[in-house]
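As written, the chain order gives the labels A, B, C and D, with residue 1 at the start of each chain.
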Amino acid sequence: MTLKVGIVGAAGFAGVELVRLLSRHPHFDLRVITSNSDEGQSISSLYPALKGVCDLPLSSHDDPAVAACDVVFTATPHTVSMNMAPGLLGKGITVIDLSADYRLKDVATYEQWYGVEHTSADLLTTAAFGLPEITGDELTTAHERYAQGNPVLVACAGCYPTATSLAAYPAIDLSQGVVVVDAISGVTGAGRSATSRTHFCSANENFEAYGVAHHRHTPEIEQILGIKDRLVFTPHLAPASRGLLSTVTLQLNDEACSLSAHDIYARYVAAYEGKPFVDVLPLGEMPKTSSVVGTNRAHVGIALNEKTHCLIAVGAIDNLAKGAAGQAVQCANIACGFSEDAGLTTTALPV
Amino acid sequence: MTLKVGIVGAAGFAGVELVRLLSRHPHFDLRVITSNSDEGQSISSLYPALKGVCDLPLSSHDDPAVAACDVVFTATPHTVSMNMAPGLLGKGITVIDLSADYRLKDVATYEQWYGVEHTSADLLTTAAFGLPEITGDELTTAHERYAQGNPVLVACAGCYPTATSLAAYPAIDLSQGVVVVDAISGVTGAGRSATSRTHFCSANENFEAYGVAHHRHTPEIEQILGIKDRLVFTPHLAPASRGLLSTVTLQLNDEACSLSAHDIYARYVAAYEGKPFVDVLPLGEMPKTSSVVGTNRAHVGIALNEKTHCLIAVGAIDNLAKGAAGQAVQCANIACGFSEDAGLTTTALPV
Amino acid sequence: MTLKVGIVGAAGFAGVELVRLLSRHPHFDLRVITSNSDEGQSISSLYPALKGVCDLPLSSHDDPAVAACDVVFTATPHTVSMNMAPGLLGKGITVIDLSADYRLKDVATYEQWYGVEHTSADLLTTAAFGLPEITGDELTTAHERYAQGNPVLVACAGCYPTATSLAAYPAIDLSQGVVVVDAISGVTGAGRSATSRTHFCSANENFEAYGVAHHRHTPEIEQILGIKDRLVFTPHLAPASRGLLSTVTLQLNDEACSLSAHDIYARYVAAYEGKPFVDVLPLGEMPKTSSVVGTNRAHVGIALNEKTHCLIAVGAIDNLAKGAAGQAVQCANIACGFSEDAGLTTTALPV
Amino acid sequence: MTLKVGIVGAAGFAGVELVRLLSRHPHFDLRVITSNSDEGQSISSLYPALKGVCDLPLSSHDDPAVAACDVVFTATPHTVSMNMAPGLLGKGITVIDLSADYRLKDVATYEQWYGVEHTSADLLTTAAFGLPEITGDELTTAHERYAQGNPVLVACAGCYPTATSLAAYPAIDLSQGVVVVDAISGVTGAGRSATSRTHFCSANENFEAYGVAHHRHTPEIEQILGIKDRLVFTPHLAPASRGLLSTVTLQLNDEACSLSAHDIYARYVAAYEGKPFVDVLPLGEMPKTSSVVGTNRAHVGIALNEKTHCLIAVGAIDNLAKGAAGQAVQCANIACGFSEDAGLTTTALPV
């Protein structure tokens, strides 16, 4: 069975990764890709790696072909999705949103962190949060509604929240106090805009922290893990194209202090049993971002600091794949009733 | 239909790329992988990107399971293949050799450039040279012999010869005099050995020429293009993991001086029509290695320098894929009668 | 005035950085450089960047010329220094040690973390700890003893301890509970040995945590900051040659919770007033490692997370300069009574 | 003795490298730096590596302080210099121009390759060409005029012409026919503008040829080497910040065919004897760009291909230093009568 799909915002980095994945997907037939700023060009002229794979032209966001799709992926900056999603849903189209617009369940939190009014806040209660290994129930519910003929809205998790939550989730209820997250992203995380920050000669041979104490992924991580006002999140930029590593330090609570590393490890293994995209590495191994680049996989490793009773949990993903486009396809697969890994079986380059 | 295959020398960079490709191949069933230096370890412990994709253990080269295969890929340093191939062929096993041992048709040339005696020189006349877009006839012949129940030996072209020849081939008979080839390779081309040369801090932020005037790919390029003693080949190393770019400068002969860039372009288009892995870029575009990394594709671009009557032809490949493992799979596909692109349809990451 | 100096262990990365700095130093005259593994080669043949700057040959560690120096820098793995320093000091030679052998004041802690017996533990009480901005008193005392004609021993701080302590020091007495340090180093931090870990193709396009929960710089940081058993230190590797960034998250204690970011900022400015190598960046700016590479400088930035009452303090240095060779020269300058910045005024490349 | 100097166009990559060099120069006192696009900002806020080294504000190009200088460096795009230089010279100010405006002696060639009318072509005959190792006579003459109280104009050589000419010059009169130059530059060569081409994620892990058959440095190289209509010049981009490598292939003429590699090597040594910034590497060694980054040095290596009677000559420089700002300072030193290497003695980082 095949569904007609479109991508709104296909020329950005997450958008073009969607193009790559959907061009080879067994059940989604990519019909239309849009970009207001690059309208008229073919995606393969912008990204010559796609030559022969997808040579579709980019049309504007209001291309009528979008409305002829069964499923639309929106890979646009925040505020664009919240203006398009209601209309698409109204036409019976399922929307897989990669932006931040429907991720935060609490409209006040959204408006505070993003500094804009939410124009379709009513959808926040029905949007399924898209981080299947953790919010699988929401996606199951979404699929049930879809199976009954209703369009659904999925708000896919952000890149930092994905890696961080996959690393921390199985142990979060063992923790107390402040949760410290220091994460590192490759430069694709800064987006396609050519700025002094993304200039090769600025990003190369450099690493730095940014958005310290006020990055917008903070409330999203707090929501997923249920740790409101307990998070210190500091993202860093490193000189690689792709890859995201999140290092989470959790202070164990009194009960958990008696647990051994093996005890906690067993919780991780149990938490991700049967999840096709998460590998819990053996104790003693830590994830490398290069092992997951180009794939929808996450690698997770843990270590216990016994003197301080702290758990260090590290998660590695490809920020554009499991952190964006891959996860969106995974969510769409679930929502539409396909195999969770359909179109997502690429292997990372071993070297 | 499925054939049992093995890889001798699977822990090196070309070998592990074969593991990646053969683990997902529709017709080859990877049964055994060997490495004398890493015997006993699993390939995915050496290369964690393969975790869950291929967790086979590495055995030694003399593992009997090798002899139980239908097809064996040898990704070993030169001299190893020439000692193994006769025995494997004698057992009816088809051998796809990635080393230099059977590439040069002239045994004296081999012995001069490699400084060793060739111990199975009789096979040089029957080995098919594996660069399908140029030596397709040899591979067709090999397949005919294979189809009659005979094992065949394919000597896959080297990385520099592949990119260089694909760039130069359609115009080589328009040229005269010295052919100048300056090529650039990523560091995987220097192999898996950890040396001061391959140390990150030596290769990073650096480029340099090496093997100047005496690189062993010289006679191979001369053989493919039929330009004996006309080649100046200078390879360079640049700070990227994968990718190989070959820039060929051809002096046009007197007849060819009247040709326009479009005339020559038409020859390129004709030469590669129907070849699934070669894209001739439109006049005015030049190939980027990043567009082909991870794939078996080659991008070729040309430009004409009218004052000097020189053609500049540039070819880009992934040195480990079209320059090694991908090409080996392509050759095996042809030899065994499968679709030429079976198992080779991965798309490059667009960014 | 000029002193004769030598470098034991000059072929490693910290050693050769010492060669670079001492070749241009106004008061130190570099007479002898040693390396047991590269004896007989010239340093500029190993590192062609030094051609014409320093073409001295490498001799063995027991070269008698070492004993003819006024000051010897030991840039050797741990255990080498503790076997050489007593003899050198006995001959009246001042020793500036870049290894870990004399950093930890408590011999039991040393023996526990390094797993070897300390053979000259008596020197631990007299060795001055070399992190001038924090342990300046010890260096002043050392200079007084030196001025009276005594040789002195300086144990220079490690790279992670330097960046971390410079970031945390002015606020450490405002903190309580666990101190979380996530730091990122360039690959020179892994040393000159060519290993699978330092291979370009392993380190490139990758970041990862390592030594989690058991890195040997842990007790050193705890000692400098006076936070025994309060530290969680997680180092990471990123694909750059040089640079080290340390991100410290401090939980403010009850009294400090009422302080504003500006209050804390004022403490930082005061702490580093008159220190020629530390720049406290304006509130709102965070350090970039590229701004300090090649120099002995440290950039420090802070931000306050008000909801969690945590301070995030970030320090950037060049791990081979302020984190090793530069700091050693700075310490030697102080110990010998030269201007603190003699030979250390190089500017970082702006791009 | 100290001269007042200014930089017009100080915010670009060559401009800021001038700021770095002139901030530490013993005879030039940097008084004013300009940038029309970044007017009002301090150079150290744009480039934090300069913090504490040069914190001058950027003013506009028409800042009267420019006219109060003794020497002005113009590091602006072509056409800007030719509109400013006549006025500055008229006020008695010496102009060191880093742009292309006065490099080509033939105005028609300039107008053809740059596509604009030259508005001060009369200066082309008096401008000294700034590549001291080759056009030293022009600079000597300039100094004589300067010493008599006249302002002078120096047109500094471009980056590719510098590396290429230093590699080829000692052997150019041994050559015949087409000269093939394939050169590789780091990304600073593409300038400070943030474009899709200079985006980290576009330049990283990629190499490519560009400007094939029509790069503007072609006529400049032809002029320096006296090889009109004999040059095929193909520049390439590689993923490093700095560094430029030029590989020149020269067909030896009939007389030169009898020369050995040692004969030709002796010519190189003789040609650069006494030149403080050029190192001819021993036969068998080839230059690495990393050995010269951050310095005004050039490394040159040669090899002879005996079968084809071709010489391969390779030159490595830092495109922003010897290829731009360093060379400008060297030319200014000569023109003004200072030691040729004043302010230019920095050592490259050995690793």
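Heads up, the rule we're going with is that a contact is a pair of C-beta atoms (placed from the backbone, for glycine too) under 8 Å apart; a residue touches a chain by one contact, two chains touch by 3 or more.
Fair warning: this is a prediction, and the values are worked out from it, not measured in the lab.
Path length between subunit A and subunit C in the touching-chain graph (shortest route): 1.
Put simply, the chain farthest from subunit D by mean CA position is A. Here A-B and B-D are compared, and the pair linked by more C-beta contacts is B-D. In whole angstrom, the spacing between the mean C-alpha positions of subunit A and subunit B is 37.
With centres taken as mean Cα positions, subunit C sits 46 Å from subunit B.
Subunit B and subunit D have Cα centroids separated by 39 Å. Residues of subunit C in contact with at least two other chains: 13, 188, 192, 201-202, 204-205, 239-242, 287-288, 290, 293, 351.
Note for the complex: subunit C touches subunit D at residues 13, 16-17, 19-20, 23-24, 47-53, 188, 192, 205, 241-242, 279, 281, 285, 287-288, 290-294, 297, 299, 320, 345-351.
Partner subunit C is touched in their complex by these residues of subunit B: 13, 187-188, 192, 194-196, 198-205, 239-241. The part of subunit B that touches subunit D in the complex is made up of residues 177-178, 180, 182, 184, 186, 201-202, 204-210, 212-213, 229-232, 234, 236, 238-243, 245, 247, 249, 251, 286-290, 293, 301, 303-308, 310, 312, 314, 316, 351.
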